[in-house]
Structures are given as structure tokens and as C-alpha cells.
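Each chain carries a letter (A, B, C, D, E and F) given by its place in the written order, and its residues are counted from 1.
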């Protein structure tokens, strides 16, 4: 362990601002990259499931309409 | 029938109109008058000057000799008043390819007080149901034309305040059903006291008050 | 009759062709064969897939399932051989607006051994006499289409070595005389053992060996 | 051996196989990324000795260098995937190439940002026109170009093809760019400011760096897999196996 | 008016649908500024001296390039014809188009400029002047540019013709803006230059729409 | 082959019919070079030092702008469709197009460059290097540019996208050419740089036509 206290760890001997800025920005970008596909996945599943349901409904309706004439 | 068309008197006159392009006289000493309830078809072979005359009548080309009058006054003088009462559709459809039919139609009808529902119904009427939100670049040639024609469907619903229609080859790229629909639409508009000027190589037989203006054969 | 068309056997086949655009199946399991002396008209409502099928047959779109054969071999494999024997005209005329009809036609027929005189005569035949040296931007809509159609006139004179024509809406913007001429030209080409695939909303009644392929109604 | 490669190729080309197999890989990749990341960062930030010249600012290295290395190799992977798509028309390859672009660009951005931040305490300025920096900036532009081209094309398929072509052209150009920039800089500018290139690194500094590099690659794989799975879901939505997933 | 509003809305929609429209000028801006150190001399002190000028030249060129599409698409697809057919005031339409253009090109450029300042080692004192000059200057670029775009809208490969027409008009703006930044960087006052830019802006707002309207009508001779 | 020849002929004819096509890049070249002294510092000694770099940047930007129209018109009016329909080699076509482009943009730029050299006070020793580097470098610009132009031909407002794609690829040429001129102006040898440019030209001649051909085929997906 190079640091004696947590405060020192945060301060990084004068360079705290730069180190934490660098890691902070990187963390943001990485989080974005991780979250974006996960959220997108949920969105896709929601949309496509809805579409499927809509199609099901419509085709069943058509069958119902067709039934008497057939 | 429609409040919009009923309340306006249409009176478009041309007197001694003369236009030449590159030393070829397209027409000379041409006179015509258009009133409510009339349909004027400009006919003639390719290059006769139909489009040119149509654009003169629409006020979009001011490169002519003679007089053009709207309700008795010079067309250029009352242009904005005239413009508000005539609908012009040229060869170009003014569609943005990345936008959808509904977005394009919304822009095309911006000057009219049209509700959202009317727009959707108009697209439905020109058989674009299901394509309302497909980018226009993915539509076929005929479907793209139909987006522009949806304006005529709107006018029918009493919301298009344009009694005078000026249409350049509106039948282009339409299939049979489309042609029939458009013919019916024109007929209906004329019957409800609107007026139409149209260029077309298509024979418009079913319309009662049809007048044809044959422009000179050049060939 | 013409040496060029007589000497080639035309044999274009499609087997189990299937194409979908954006989840809409345009056609499925489509089979067809085209031989010398036949005219195939692709018909159907707007958006049915006529243009799409035509471009597949022309080899300009390779986004399909199934087989396309030229003289028994895959079309993509013998493409340059195939290309030399078919003439394609799409919606776009490939005209440069600042050039004159004669200059444009010269480029359009660059691959053929055509003399200057033939070019002038071809333009004459499509009624562009006197416009040969007018920049194309000054031509009317129909006149511009005619510049492209002049290629078909050339083929007639025995110099256009293309037995197979693939034409997308060639009647667009033509006047009555133009339509009559083009119909005659198609007839003649088919009679002299050429073959034609065409999309058109126009009824082609006069041609004997006409076959129509109706593409699905979507609406 | 050849047989096995062909089989692997066909399997990789099958979205279903890919989707199912990666289902099993994801937890492991996530675990390795997490453990590696935590371990690497703790070792790097707290235990590695401070640099005798730069003090603690050098700790930026543990994110900077892995990101920089990855950004470069990701471009290569993207171009290779693009080539596979162009030659064999393998849809999977196109999706992979498409998903790599934004991830690679992100890492490129991280390398640039952390580098710039590091530059301030070390060189006294955020940016200098050093060879490495410049070629990294150009790499970022190449990434942006590929992404912009992809989204500008009308259809998805032509987007795949266009960006694959551009990535290949870029791939040929990367060595040329790198060489020219190196050469330009060493010639124009005396070596007043240079990346610290110490020949040998303290082992305590090196170990966390190696851990972070490996972790970054794992994490990259995880991201690519996640995004590719999304593409699969979207494009295969009409297959019955996807419908099953959607319905569950 | 309704058509103008609809057009403004539609143009923003188009920009959203096709982000390249506003991202590309931004990228170009970055890249032109990046070319200089590569072609000339990457020494930070030297760069600091020319930074203001280079950034302004880059902003000017980026604006110039983005202008090409301003009316051209509208002419080609017939939208312009519809404006003219509508009989609405082309003056207001011109203002609306210039406003949209500024929002999707000038404004992002202004916001991006400090980054370039960092890369080119712009002296710390000069940032305020850079931002202020861009904020006042870029709308003038858009307004003047609209005139050129309207004049060349009907011309194929008008992009370069446009540059030719417009660059001379841009020169006064460039001179004053660059001098404002330079003065700021050596600690001198620069209100004079900003005032001049402001006056230009007022003038351009009043006059250019007339010119644009007149130029657009030219496209209708056919 | 016959279609390629016909196309080359037609392109020259088009350039003759519409002189703006080759005059505009030239004017742009002049003007960009003229902007710099205005924006930066008109001191002749200072200018002399940056002249080579500025001229090359201007040449590069002028080429970039003229590229936009290279294939776009052909895509829009259907000429491209006809090339593909003809079944002729697109590789040769790509070479032909690049050749024409160089003749109507790169070549005039090269011939014009000495004038700019005078305006920017380029040292007398550097003229030979400037001309040589432009003569070898501009064809590479045309060839690489053709790739970008082909990729963006189907894209509306592709002009800026094109810049984004192509500028990074242009950087090596810029660096070596500018450095050749700079070395010449301080009396040092510059064969190395020219040799490198030559190698790039050879490479580009062999490889870029493939990329162009592949990119052009993309426009046919519809």
C-alpha cells in the first residue's frame, strides 16, 4: 500500500484531480458502453414482442372474419 | 359541397398570351378563361408547351407577353391572394426522401388548417395504408406520387381551401386503380364548383365539363 | 430480320425467385422463362414489385433468393456476356443536362459499333429532328425521354446488337404519337426474334406474343 | 484441422449458434472483467509505487495504455470482419464489424482523453502535436468516418458494405499514417516532449498493467457480444427461435 | 407564416433524421484545424500565435461547405416550387432557413471551438474573445451564405461557385474576428471589433433576406 | 473499354461545357491561400516560412471540394446504372474517372501554385519542390478521393461526409509534401519525401480502383 490514509489516496500527492478526472471520464464512457446494449436489448424485446402480439391478433381476427364465408 | 370551394369565385383569364423559347414560338395570341366547375386539359405532343403554359397560369413563370388576370386583376399584382386559392403540383413531388409520408404530407399542407387525423385518412385514401411511417425512399415510384396526391384527397374532406387545381401530368406512374381514383377525384372537384387545369396525355373521357386546349404540333 | 437479333438465342430463366423488402414479401417462388420472340409485361398495382423484379432480371440487383439463369448458366457468372446482349432502360435516363441529344446518344451507344449517321437518323426517328444540338435541359419532359428511346430506334437499323430489351415504364411522358411509335417498335423487335421485358401500366394490346405477369396486389 | 476450421466458420456464421453459445460465455466474461478490473485497479492505484519523476499522475497509465492498445487492435478486427463480410457475405461478420466501431471509438476516446489529462501535469499542456497523439487522433477520425458512413447509407446492407470497404482502405492506411506521422514529428520537432519511454518498468508497476490489458480485452469481447446479440435479435426476429425468446 | 414554421420544423426533423448534416461540419472544423500543425509546424508557441486565425479560417470553411446543401435539395425535389406556389413571404422564409442553418452549423461550431483552442494552444485570455466573436460572427456567416446558396441553388457543382461568391463577403468578418481574438490574446481590448461584428449582424439580418428572396425567384425562370 | 473511353471523352466535354467545374477549385485554391495572411499575420518573413504548408493545405481542400461531384451526378442521372448494365470493368472505369478528375483539378492546381508561392513569399529554392510534390501528390489525392466519392455518391449532403472519410487518408501526403517543400526552402535534400510520394502513387494506382469499383456497386442495392 502506497498511501497512509484515504485522504492521501484521494489526493494522489497533488495529482488527484488529474488521476480522478481521467478515471472518472473513462468510467463514464465505459458505463455508457455497458449500459447502452443492455437497455437496447430491453427495448428491442419490448418492441418486437409487441409487434408479435399485434400480428397474432390481426391474423386471428382475419381467421375469424374468414370463418363464416369459408 | 365543400364550404371552401363554394365560397370562392374562380376567374382565371389569359389574354393574347404569347411565349417563345429559344426562338421557337410555343403559342401566340392565346386566350382562355376558366370559371368554377370547369376542367381544362392542355393537350398536345411532346414539346408543345403544355408545361410552360401551366407554369404561366400558376404564376410560377413570368416570362411571357400578354395578360394574365385573376378575378380581373393582374395575376402578379394579387399573387399571394391567388396563391392561397390554387394548388400546384408539378413534375417534382417536393418529398424529402428520408422523411415518412405522414411527415411529408404535414409539410405539404402546412398552410391549411388540417388535423392529424385528416392526414392519416388522406394517406389511407390514396392506398398508402401501412406505409405512413416508411421513409419515402423505400417507396415505389407510384407510391411516391401518391403521397403528393394525398393533398387532393384532403381537399375533398373540406379542409383543403383550394378551389383551383393546377396539375402537371398527375397520372404519371399510377396504376389502374390509382388512375380511376384520380379521375373520380377530379370529377368530384369540378362538380363541387372547383376548377382544374391539367396537362396529361391521358384521355379524360368521363368528365362532363371537360375542355381541351390543343397546343400546336411542332413536328 | 436484323442480323444482330437473329443470331442470338435468348434464354432467360428464373426459378423459385423470392424477394422481400423490409419484411414484405414481394414475390415468392416465382418462375418464368423468356425466349426469342416473346414479350413479357410485368403488371400490377403500385408497389407490387415490378421495378424490383425488372432490376433482378437485368442483373442490377442481386439481393434475392432463388436462381436466375442466362442460357442455362447463373446470370451472375456470365454477367458481362449477358450484359452485352441486353439493353436496360430504367426510370433514370442517364442524360447529362448540359449536353445535346446527339452527344448523349453517342455516349449511350458507346459499346455498339454505330456510325454518326445512324445516330442522327435515330434521333430523327424519335421526332427530335431540329433538337439534335439543343442542350437537354431545354427539352420538355417527353423530349428527354425520347433521347433515351432513340437507342431502340438504332437497334432497329441492325446496329444495336441487343436482342433482349428490359424497359421500366418506357411510355412515361410520351404523347400519343410517341406511344404508337414505341408500340410499333416493340412489335417489330419481337417479330424479328428479339425479346422484351417491360413494366407498364399501359395496356399493350397489339402485340401477338404478349405474356402478362401479374404481380401481387398488396392493397 | 481444415475440416474443423470450416465447421467453426459455419457455426460462427449461424446467428442461432452464436446467440446460444454466448449465452454461456457472458457470465464468465463479465466475471473476469469485474475481478480483473477491481484487482488491476486496486493494485495499480493503491499498491504500485509512485513514479520517481511523475509522482502519482502516472497511475493514469492503467487505463490509458490498455485503451490505446485496444483501440488500435479493434480497428484491425473491424476491418477483418468487414472483409469476411465482403468476401463470403457472412451476415454475422457484418454485425460484428458494425458493433466494433462504436466500441473501438470509445476506447480511442478514452485513450485520447486520459492522455490529454495526463499531459497537463507532465507536459504542462493538454495537447501537443506529438506523433503518437496525432496518429491516435486520426484513428478516432477513421472510426468516426466508418460510423458516419454506415449510418448515412440508405439501406443497412449497403451500410455494411460501405463501411467494410472504408475500414479496409483505412487498414492499409494506418501503417502509412503511423509511419508518416512518426517521421514528420521526429524531423520537425526536437524531442522536447515525449511520452515517457522508460526501457524497463518496475515489476510492481507492470503486473497491474498486464492485468488491466487482459481485462480490457475481455471486457471488449463482452461488449461486442452484447451488441451483436442485439443485432441478432433485431434481424432474426422472424425466426421461430427468436420468437420463442421474445415471448418468454 | 405557417409554411415557414412548418419548414423550420421539417428542417430540424431532417437534421435529426440525418445527423451527418450537423455532425459533419463539426468534424470538418476539427480536421481543418488539425491539418495546420501537420502541414506547418507543431511547435506549441508558434501554434499559440496563429491559433485564433486558424480556428476562424476553419470555422469559415466549415460553414461554407455546409451551405451548399441549404437550398439545393429544396430546389431539386420541388420544395422551392411549393414555397413560391404558396405565395408566402420569401423574406421570412429566408430568415427561417438561415436560423436553422445557424442552429445546426454555427452554434455547434461555437461550442466546439474551445476544444480546438486547447489543441492549438490558444492563450487562456483569448477564449472569451473567441467565443464571443464566433457567437456574433457565425450568424452573419449563415445569413450571407444563404445569399450565395440561393444564387447557386440551381447550378450543378455549385459548391465551389458558392465559395467563390461568398468568400469575398466573408473576409471582413474574418479580419475583425481574428483580430479580436488576437488582441485578446495579447491582453488588449477588443470591444471595437465585436461592436463592428454586431453591426454587421444587424445589417445582415435586415438586408440579406431580400437578396435571398430575389435569388430564389431566379430558380423559377424555367 | 469503349464505354470507358466514351465516358472520359464525355467528362472532358462536360468540363468544357461547364467551365466552373475546373475553374472553381482553382479559385478556391487561390482564396484559401489568400485568407491566411488576412487571418494570421501578413509579415512576409513569417509567411515565407508557412507558405509551403499553406499552399498544400489549400490544394488539399480544393481537391476535396471538387471530389463531391465526381460520381454523384452519375448516380443521380442514371449513368452509373448504365455502366453497371454494360458489364464493363469498373476497375478501368474508376481509373478513367480519377484521371479525368486529376486533369481538371490537380493539374490546374499544380500549374497555378507558383502564383500562390509569389503571393505568400515562398523562398525561391522551394518552387521546384512545390511543383514536383504537387505533380506527384495530386494524382494520389484524386485516386484516394475517388474512393470516398464513390462511397458517398448515393448519400445526400455527402460533401462533408466525404471530407470526414478522406481527410485522415490525405494526411501522409500532406506531411510528406509539405516537408519536401520546407526542406527545399531551407536548402536541404527532399528526394526522400518525393520518393515516398511516388511509392504512394504507385500503391494508390493499383489498389484504389478496386475499392472504387466495390463502392460503386453499392449504389445498386436498390
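In this section, contacts are C-beta pairs under 8 Å (C-beta built on N, C-alpha and C of every residue); 3 or more make two chains touch, one makes a residue touch a chain.
Everything quoted here is computed from the prediction, not taken from an experiment.
Engineer: Among the remaining chains, which ones contact both subunit A and subunit C?
Structural biologist: Of all the chains present, none is in contact with both subunit A and subunit C.
Engineer: Specify the chain pair with the maximum number of C-beta contact pairs.
Structural biologist: The chain pair with the largest number of C-beta contacts is E-F.
Engineer: Centroid from C-alpha atoms only, then distance subunit B to subunit E, rounded to Å. What do you get?
Structural biologist: 38
Engineer: Between subunit B and subunit F, what is the gap in Å from one C-alpha centre to the other?
Structural biologist: Measuring from centre to centre gives 46 Å for this pair.
Engineer: Between subunit B and subunit C, tell me the centre distance in angstrom, where each centre is the average of that chain's C-alpha atoms.
Structural biologist: That gives a centre separation of 31 Å.
Engineer: What positions in subunit E touch 2 or more of the other chains?
Structural biologist: Within subunit E, residues 18, 20, 24, 27, 31, 38, 41, 73, 156 contact more than one other chain.
Engineer: Check each residue of subunit A and list the ones that touch at least two other chains.
Structural biologist: Nothing qualifies.
Engineer: Do you know which subunit C residues sit against two or more other chains?
Structural biologist: Counting only residues that touch two or more other chains, subunit C contributes 63, 91, 97.
Engineer: Within their complex, state which residues of subunit E touch subunit D.
Structural biologist: Contacts found on subunit E: 18-20, 23-24, 27, 30-31, 34, 37-38, 41-44, 47, 118-119, 121.
Engineer: With touch defined as at the start, can you tell me which subunit D residues reach subunit F in the complex?
Structural biologist: 86, 138, 141-142, 144-145, 148-149, 152-155, 157-158, 161-162, 165-166, 168-170, 172-173, 176-177, 179-181, 183-184, 187-188
Engineer: Any idea which subunit A residues touch subunit D in the complex?
Structural biologist: Those in contact with subunit D are residues 1-3, 9, 12-16, 18-19, 21-23, 25-26, 29-30, 32-34, 37-38, 40-41, 44-45, 48-49, 51-52.
Engineer: Okay, in this complex, where on subunit F does subunit D touch?
Structural biologist: For this pair, the touching residues of subunit F are 144, 147, 151-152, 154-155, 158, 161, 164-165, 167-169, 171-172, 175-176, 179, 196, 200, 207-208, 211, 214-215, 218-219, 221-222.
Engineer: Spell out the part of subunit E that touches subunit B in their complex, as residue ranges.
Structural biologist: Contact set of subunit E toward subunit B: 2-3, 5-7, 10, 13-14, 17-18, 73, 76-79, 81-82, 84-88, 220-222.
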